[in-house]
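Chain lettering (A, B, C and D) follows the sequence in which the chains are written, and residue indices restart at 1 in each chain.
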Amino acid sequence: MSRIAVNLPGLTMKNPVMPASGCFAFGQEYGKLYDLNRLGAICVKAVTVEERRGNPTPRVAETPGGMLNAIGLQNPGLEHVLEHELPWLEKYDTPIVVNIAGYQVEDYMEVAKEISKVSNVNAIELNISCPNVKEGGITFGTDASTAAHLTEKVKTVSEVPVYVKLSPNVTDIVEIAKAVEQAGADGLSMINTLLGMRIDLKTGQPILANRTGGLSGAAIKPVAIRMIHDVSQQVDIPIIGMGGIYEVDDILEFMMAGASAVAVGTANFIDPFVCPTLIDQLEERMDELGIDKLSSIVGRSSLCNNL
Amino acid sequence: MSRIAVNLPGLTMKNPVMPASGCFAFGQEYGKLYDLNRLGAICVKAVTVEERRGNPTPRVAETPGGMLNAIGLQNPGLEHVLEHELPWLEKYDTPIVVNIAGYQVEDYMEVAKEISKVSNVNAIELNISCPNVKEGGITFGTDASTAAHLTEKVKTVSEVPVYVKLSPNVTDIVEIAKAVEQAGADGLSMINTLLGMRIDLKTGQPILANRTGGLSGAAIKPVAIRMIHDVSQQVDIPIIGMGGIYEVDDILEFMMAGASAVAVGTANFIDPFVCPTLIDQLEERMDELGIDKLSSIVGRSSLCNNL
Amino acid sequence: MKMENMTITAQTEVAPKIYRIVLNGPLARELRDPGQFVNIRVGTGIDPTLRRPISICDVDLENEELTMIYRQEGKGTKLLSEKLVGDEINILGPLGQGFPVEVAKKNSTCVLIGGGVGIPPLYYLAKKLVATGANVITILGFRTEKDIFLEEEFNELGQVIVTTEDGSKGMKGYVTDALKSLTSYDVYYTCGPKPMLRAVEITAQSPGYISLEERMGCGVGACLACVCDLTKPNEETGKGYAKICSDGPVFLAGEVIL
Amino acid sequence: MKMENMTITAQTEVAPKIYRIVLNGPLARELRDPGQFVNIRVGTGIDPTLRRPISICDVDLENEELTMIYRQEGKGTKLLSEKLVGDEINILGPLGQGFPVEVAKKNSTCVLIGGGVGIPPLYYLAKKLVATGANVITILGFRTEKDIFLEEEFNELGQVIVTTEDGSKGMKGYVTDALKSLTSYDVYYTCGPKPMLRAVEITAQSPGYISLEERMGCGVGACLACVCDLTKPNEETGKGYAKICSDGPVFLAGEVIL
């Protein structure tokens, strides 16, 4: 196994970097810019049973060191994804993670069941943390027992490993992480965006049509690191870490905090080549820091782990 | 009343700007740089019954667009503050807010009782949100009924209005805000810092000796705006807004979100003159935006309010 | 589409807060259509986070130069305006689908209607149209006389009608007032603020093309920040919306809901 | 203490990753003691957030120039090293309590012990001590030969002993090895990494002064980021701790717990 390869349930990754859900659509746009096989995995946009039109525009607003988005889970719906988006990805031999969302447990189950049957889908990411639609999962994400129940149900129908994407907008993320682990989650993705708002001084009104949105980007990195660190010490399932990864050092920081792989979101908007660029820089930086194998640094910040 | 004056319980402020607790000690350091009478009010460092030595160093770490701190409520204790710090501030006719903290309800009550008797103390800020000491209040800040109970108790002994400083590290800040309002709080201060962590890649260990710390600075501004916006629509008591104020526009954004006054923390470290500078810029910026009186924009983002 | 550090070869304030910037680099050769835009990284660190979309106003393929005209609006365009000749700046582009030139037949009459900083992309369009042998009439809307830019340049390409809201120069009123005065034309192309686009769409007597603006995340079609609704679902994809950054910014009038 | 935009009049790499920067401006006149530092704003926006504390290495009061020597360590010092002569940079300072020069009597012997980037503040100290008629012996510790800087400058002020960890130049070993070889001296002054300071404190045979480093927030004594414990509480204030930025960075050896 190469120095930068990592293995997670369902995901045999040649490197630890995947684009984050919602920041990479279904791969076609960035696929024009570089070979998607260079990625460790690909995580696609949230899929719901029916087509979703999302929120009115403006849907993004800039913030210091970050951005707010309130896309509202716009997606073409399960059928279209099955017929058009996933087949397009078949030409790549990079593992595919499909982010799924819904209004109610049954929705998640339906999408999970159908999506997980697709031959090139390697894992499902349960989005229980979208802050931008009332029924978009955030309620699943802020209550441990609801989150656990959903996980359990989805596990009964999914043919591939299930990662649960946690919301940072909670008092005790460890509690929720433990609950979904017990409910059978194969891994965790964290973190989704922090709820935020920006106001346009000229109008006095929020910039986003949806008023609030999800904060992503460099600004949230220390919150992500803290949550991953805390959770990784209390659960045994692997974590896909995300939230403000821009530089190669960030990848290492997330892994030392306890992530087994990472996802890059907002940074793609700054530099569309950021994923392959960071992957290319990884080994040199490991050499500088005297890191032999990437897998050996996972959770290093918690002394006892994996050393 | 001047265009930029604001009135809050106990605080007749010539302008809406005060330094945030913990970023200005007891005023003596910045008092060497400019006349503290230029400030709308002064909020001093957390005071506890006994002297507190705080956490080991390093106590600060930089983050993208912000910083972490884990000072740990270091302060010379109630007696020393009563004898040395508050008397020094007597020469100013700027309202003083004293931030207080404790291990248990009785501690808060003792400090509140003594501090509120001091003639130049105009309000108390109940710190139920310090993330940096286990017993430093964060437990009071993450549970609505505990927070309400504490507020109620402190109100029985305080001779000045009581502002409760809320923690952003919660699932539902509105619930806590409403609970402390009902318990008799005269106002709210929000937000305190977000829990975060940074890891030193060379050691693999957290940079802060305390491991985690509180995230402040520009990075957290959209989170603060969102919380103030949400809370201000559900409570009738005024809010002192803070979290990432660096520029004059930020003051206006916080007030439009629902704050009646603002506090500036981290920005003092970048520019020690930031408070008087922003105060000086305020009227010109109001002119540009066609804002007549500052008090008229409070909560403008919520259409119905105060227009 | 490319990402490239281009070199600033000129930067001048052509009207109050309106800047003309010229960038040099091989990326310029990638331009396909007038109306395409670039996404500019105005800083180097984490702030500002997002790129700024600015339309391409003119191109010199031989010398590999792109010209843009932009208004200093907020933080990002202020930073851009402070850059100096010789500085490098990271450009992503050309992006989007521009104005179709081929729809204009030889000797046909094209009306170009621009408002404020919606005017720049029409300039390269006008040049291309003139090159195909079409007649170009340009209506340029400004608030007041001192805001006027590009008038002379358009003058060399055909008839120009300037409107100002306060009547300080040209026709007093809006671009649509000028448009009403024109009797026969074959196609129109417009870019400007949304209320203007709506008014133009209603007023115009011919088919036309409309260039839209929206706040963007990625600029390449991946984040769905910049969608607008289609009047009827796309036949091919079945989708009821379009992405302004990659399906647009130019749409056939009537194709999208303004 | 002042906050001022100073102009860079020189910036050179004096050893690998070690830069010497000279800043011009009236603030330079405020310097009181060797060992004081400035807090440098290396960026202009929100990132990096914090200022960088750097010791003053030398001052030219007449020409209003401050010299600093710093190592390019992380993001902030990298940005600093990329600044050019003529650029302005925002400086807060001078800060803190420096080395007491008055304790050194005429003809007394002072040993200055510096390790790596702890060396720079000792240079202006050496000049001041020599000016008062004291004899200065300087021990400079480096990792290896190519890291050496300021050796010649110190040579002009008295005896210099260079130590390198790998023995590539001067004495092989640590500054304390050199210190042990000195027999009689009246006072020492030291600045360097904490393990070195601890070793020096144990080894030294005279009273001495120690300059400390700590991660800082405000740099002016207001945030309590940079405290260290006092060996016994301050008699005046009753406080058991000191702030490195305002009570220090220089302390009497034994006064603080290292």
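Methods note: a residue touches a chain if its C-beta (ideal position, glycine included) is under 8 Å from a C-beta of that chain, and two chains touch if they have at least 3 such contacts.
Computed from a predicted model, the values in this text were never measured in an experiment.
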Joint neighbours of subunit D and subunit B, given as chain labels: A, C
Pair of chains joined by more contacts [C-beta pairs], B-C or A-C: A-C
Distance-maximising chain from subunit B - centres being C-alpha averages: C
Centre distance in Å when subunit A and subunit C are each reduced to the mean of their C-alpha atoms: 36
Whole-Å gap separating subunit C and subunit D, where each centre is the average of the chain's CA atoms: 56
Subunit A and subunit B: spacing of chain centres that average the CA atoms, whole Å: 34
Distance from subunit C to subunit B - Cα centre to Cα centre, in angstrom: 46
Subunit B residues counted as touching two or more neighbouring chains: 63-66, 218-219, 246
Sequence positions of subunit D contacting 2 or more other chains: 46-47
Chain contact topology (line, ring, star, complete or other): complete
Contact footprint of subunit C on subunit A as seen in their complex: 22-25, 29-30, 32-33, 45, 51, 53-54, 57-67, 69, 71, 74, 76, 80, 84, 207, 217-219, 246, 266, 268-273
For the subunit C and subunit D complex, residues of the former touching the latter: 43, 45-47
Touching residues (chain side subunit B, partner subunit A) in the complex: 63-66, 68, 142, 169-172, 194-199, 201-202, 204-206, 211-212, 215, 218-223, 225-226, 229, 244, 246, 249, 252-253, 256-257, 289, 297, 300-301, 303
Footprint of subunit C on subunit B - complex, ascending: 64-65, 218
List of subunit C residues in touch with subunit A within their complex: 1, 3, 41, 46-51, 92, 214-229, 237-241, 246
